[in-house]
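Chain IDs A, B, C and D follow the sequence of writing; residue 1 opens each chain.
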Amino acid sequence: MAGARPLRIGLVGCGFMGRTHSNAYRQVNQFFDCEYHPELKAVCGRDRERTEQFARRWGYQHAETDWDVLVKRDDVDVIDIASPNDTHAGIAIAAAKAGKIVLCEKPLARNLVEALRMVAAAEDAGVPNMVWYNYRRVPAVTLAKQIIEDGNLGRVFHYRAKFLQDWTISRDIPVGGRALWRLDRDLAGSGVTGDLLAHCIDTAIWLNGPIAHVSAMTETFVKERESAVTGHAVEVSIDDASAFLARFENGSLGTFEATRFARGHKALYTFEVNGEKGSLAWDLHDLHRLRYFEYEEASELRGWRSIHVTEPEHPYMKSWWVPGLQIGYEHTFIHQAADLLIALSAGQMPSPAFREALATERVIDAVLQSAALMKWVAVV
Amino acid sequence: MAGARPLRIGLVGCGFMGRTHSNAYRQVNQFFDCEYHPELKAVCGRDRERTEQFARRWGYQHAETDWDVLVKRDDVDVIDIASPNDTHAGIAIAAAKAGKIVLCEKPLARNLVEALRMVAAAEDAGVPNMVWYNYRRVPAVTLAKQIIEDGNLGRVFHYRAKFLQDWTISRDIPVGGRALWRLDRDLAGSGVTGDLLAHCIDTAIWLNGPIAHVSAMTETFVKERESAVTGHAVEVSIDDASAFLARFENGSLGTFEATRFARGHKALYTFEVNGEKGSLAWDLHDLHRLRYFEYEEASELRGWRSIHVTEPEHPYMKSWWVPGLQIGYEHTFIHQAADLLIALSAGQMPSPAFREALATERVIDAVLQSAALMKWVAVV
Amino acid sequence: MAGARPLRIGLVGCGFMGRTHSNAYRQVNQFFDCEYHPELKAVCGRDRERTEQFARRWGYQHAETDWDVLVKRDDVDVIDIASPNDTHAGIAIAAAKAGKIVLCEKPLARNLVEALRMVAAAEDAGVPNMVWYNYRRVPAVTLAKQIIEDGNLGRVFHYRAKFLQDWTISRDIPVGGRALWRLDRDLAGSGVTGDLLAHCIDTAIWLNGPIAHVSAMTETFVKERESAVTGHAVEVSIDDASAFLARFENGSLGTFEATRFARGHKALYTFEVNGEKGSLAWDLHDLHRLRYFEYEEASELRGWRSIHVTEPEHPYMKSWWVPGLQIGYEHTFIHQAADLLIALSAGQMPSPAFREALATERVIDAVLQSAALMKWVAVV
Amino acid sequence: MAGARPLRIGLVGCGFMGRTHSNAYRQVNQFFDCEYHPELKAVCGRDRERTEQFARRWGYQHAETDWDVLVKRDDVDVIDIASPNDTHAGIAIAAAKAGKIVLCEKPLARNLVEALRMVAAAEDAGVPNMVWYNYRRVPAVTLAKQIIEDGNLGRVFHYRAKFLQDWTISRDIPVGGRALWRLDRDLAGSGVTGDLLAHCIDTAIWLNGPIAHVSAMTETFVKERESAVTGHAVEVSIDDASAFLARFENGSLGTFEATRFARGHKALYTFEVNGEKGSLAWDLHDLHRLRYFEYEEASELRGWRSIHVTEPEHPYMKSWWVPGLQIGYEHTFIHQAADLLIALSAGQMPSPAFREALATERVIDAVLQSAALMKWVAVV
């Protein structure tokens, strides 16, 4: 478009998240008016053939197999990290030092130490930085944020969230290697705590403020699996399930749970907030709806209202189709990309920045400690 | 209770409806403060042993096998007709002539001619009379009535109702006899039209006013069944399914459907009303909820609201338990019994009276005519 | 009915639970074939006028104001305790000593010490005894029990339950006295833990076996209220909210929560069980439905199934109406009454007996300890 | 991609449908492996500036303002008609004569005469042709088709469909002109009958076979509106609501309804099919779910099952994300584009071809006739 300003992307990772980010870059300018237009400059993956295939499919001009080379390319403005968790810190720190805009898939890092180093590197370099907590950009979730900020819930008493999956119940699923890195603690940092609870925690802090104390338990239901690398039986190192009680700084109580062993649920991320004046509930399986209970209504007509978040007055929705027509999962990344482009144009830090995402890392760290020590732990 | 005034009931019929009415009489005074207290004086059925068993179970003091004898008993104030449709007119007319209060299970009669005679008899005799259209007394349905009367919907554009069952799909179900009289036109008058659509029509007229014209179709999917009486194959005389388009006098459009061939639905009576300012929806399978859409709300927070009709401010509900605890099907009869007792105390006609129920008979008649003639028919 | 054998009831308590029990006694024989027929002999309450009114309404032959007198009546077979928790132990022990059948509303007692004494008294006296954990007799919950016992879930990984209400959010609600005894620890023993979590725990143990360890938190959101007795401000002694993590003996993880501060929920008791081969979910707000996910189905047709628990083949339901017609809350007490009568006829201990209910008291005790000590506690 | 074969698109129309088609062309090759790759060659609109803007945003190489010029371009393989209904016939016939592949947004034409001419032109020219009945490609709807074809429903008794919107209730909405052509019969052919019922009819015929007879009614609730062209009050020529009874050739009964006056519904397209062995239900507001009732299951465990159509074994879904993550409205066009490209590669006619879509036009024609004549009409 006339006046379009290119933003040259260097992506690391050709997996699930590499796809969602690439798709967001390809679509954002058809639906949102942004000065910046992403230009898919180069993608980096371990396997040359697979990476080149990915580049062709998504329209990247170059394929790299060494992220160090990618980071040093002069024709790249952004390093976007969509590779396994064990690579986040190294790439992010190098990219920041190279003066690149640094974007990183969640969770920020495998552990708090790495996360702190990444925040320091990004802030020392003074580069824009962002973590892809995409679920903040589900229109219904953004609407929940607005409702809370408008004071519609009043004093909050309860926050509860869970993220339920069922894909690792079978004992025949092997562990480790690049494809199944999520089941290997060396690569992932933790199991469902960093993978799924991280989303729950990020949204919770965003909507309800800091978490002060936690008491957690974790469990590994299948203790031994075949290694996808060696073929031998290995002890499973990650948590299959994780749950915790929380006390928020605002005095409300929280309950959180994530698991990959909840038969029948695929990606059931849900949250509910109960306040003095109203309540909100949402779930990812029907992401286009927000349930809202407003206490002030005429008493005999009160009820939980299902807001069908598809109207032009709803967040992000006027850019899409017509009322009643739902959007899907990948749109959340497109929305975050749009917000990123707008922030960059305005010279503002995109959100959530590394430092903001650090709050979630602190809670994750406290949860894992609490589960290991079997006691309440303060979030530092 | 001190000051309780007995209302001596003579019930005809020991079947499904005999049970619901008896249960209502037994329970009404524990939950509603009424001057009148039903006294279960006598029940009448065809089979002596079965009738005596019924009397013992429900606490009737006497068992009769001839309704004519029952009608003439001096110790009975009310004749309540819960026997098959072919008996309604004869009993009701005799009871009215005998000066009894006459109550009749719906539909009023097998056809319009009988219904007109019943209305005339009741009005000539000047006795209180009522038809058991119990679904008006579902608290959520009564609340719907209030919402409409308060003008919350504005001009109505659409009314749609259906009543779906699946219990006659099997070809092995026989037809006729006292147990399966609902499948025999001589006994029932019609099939689903009088049995199920009657409820839909009664509520529709109550909520949305008179129906002016209809275009209908009916179908008998299983054309031949074994007679429960003779054991021989007989042609099935009733409609298994019935649907019609309607124009209401207020200018709104109606669609109606009833069937016993909708696999998976047991008693799914649903209605929805769409008005300029709001809409309402309800279904019998979750009878304690009313769905309400209010257009005037702040636009980004609009949504279909599920009103959990269990609060003391909701119709009938302060007499039951505590908020959140649902009531069931039979409570609708208890509510109608309470309203009956209150009306009798006040010297008012209970509702719906025979004359009011006649409106439904007129529509049923027009529907059956329209289906037979395959043309639009005006409701007389 | 011919051969009916009277079971003479002496009820203590004219409140909410006095009504549900009385209603159960009045209705059970119309719907279930039982040798025993409850005879409402006497009811006991503190206030003579109110108790006599209750007696008239429900058909009790006598009204007492001293439970000690009631317990000693020769014409009473059963002492049924439906009065506040602080009275349970004294009455139950006296009744057992008097050789009566002893029934007690839940929770069994205010604390574990009292509960142990009650169990000892009942067992020493050798009298039939039972606690009214009525939610086991919701047909959908009984069906859940059958599905689990049939092995349909396989190894269980997760159990989660909550009981959400919102009736004490207003600061204007006073505390204590006979009407609001649930807000006074001296009378109730605890707040939501004994009132609401008790139900969750009872069902959990019934469906998923013993709970071994818990980590809990409790909170009192409104710290000070007006005393309903003195009119002065008093410190609120009970827990407004209570949540805990649990490890079951079978290796599964549990999360539990109860509160009276969840705006928009009236009596939302829900549970979900996730097993290797299937999952189950239920909630009290739509008690006539059970949701079931079966993994073995053809994969592209798998889904959470909403079982409409209204068919004759479902527990208790053939005694009621026809398929599709829902029952309500009070029916759970009628079912428990029917099971009680059948057990007594068979000379079997009704269920749950005091000893069985003791397991719930042990968990409640551990939860309150854990919350006070802020550490994991083993259930003794 | 290596071996990619370009398919040069010439699009007519820059409105809502121009966007959905363009988006489909841009995305199809990232998600589906097809030999053909759409190349956005030229777009044609009435207004030069708006068309050029559209071309820049979506990546079209050329902008035209005369469809005749577009049709004659040598560098275009496909003419895709996404302009108002009054333009369909002229463009399609010219494009067919020019030997182009012809794609047309639904409904095929304003009336049956036009539709017949279009079918003749396309077939005479022997060019591939297709109508964008996109809802067939909702994965849940495609799954419904498979379930029916596998014989899982058995003999069908009932089919019911409706499409409810509420966007024209306000009297302030003007009529006509290019933006509001849907409210002008000269431009649109009809109101909701051709716009919304067309979808219901197409799916119905696809799933349940031909419709034989109809009895219809239509209504225009707001009789007069301001002309968007002249500013004067004009009589509204289209139907605001349309409903009909149908008899299918297979003996089943149908009820159909569409309206733009159903307050609270934005695009609630729903259908349900009831067969001897099972039933299916779906709605567009939650398009990623299919409800299925299977009769053969163990009787106490039967229930309506909510199939979450997001698994790799479900139609189209393995090309998208991971299980549990929903897709949106626009994906239906991407699916249809993928099927189009695959058909073209295979030398097969894409589906539905003009001739197939003609069946829907015949029903629309019968519905409008029936409503005008107030009698049953046979579908020719």
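The rule we apply is simple: a contact is a pair of C-beta atoms (placed from the backbone, for glycine too) under 8 Å apart; a residue touches a chain by one contact, two chains touch by 3 or more.
Just so you know, these numbers come straight off a predicted model, no measurement behind them.
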| note | The chain whose C-alpha centroid lies farthest from that of chain D is chain C
| field | Whole-Å gap between the CA centroids of chain B and chain D | value | 42
| task | Compute the distance, rounded to whole Å, between the mean C-alpha positions of chain A and chain D. | result | 36
| field | Junction residues of chain A - those touching two or more other chains | value | 265, 304, 308, 311
| request: Once you've mapped the touching chain pairs, tell me: line, ring, star, complete or other? | output: complete
| query | Can you list the chain C residues touching chain D in their complex? | reply | 143, 146-147, 290, 292, 294, 299-308, 311, 313-314
| request: Show which residues of chain D lie in contact with chain A when the two form their complex. | output: 1-2, 16, 19-20, 22-23, 26-27, 29-30, 56-58, 165, 167, 265-268, 284-287, 308, 310-311, 320-331
| Residue numbers on chain D that touch chain B, as the complex places them | 157-158, 160, 162, 164, 166, 169, 215-217, 219, 221, 241, 243-245, 247, 251, 253, 255, 257, 259, 261-265, 274-279, 293, 295, 302, 304, 374-376
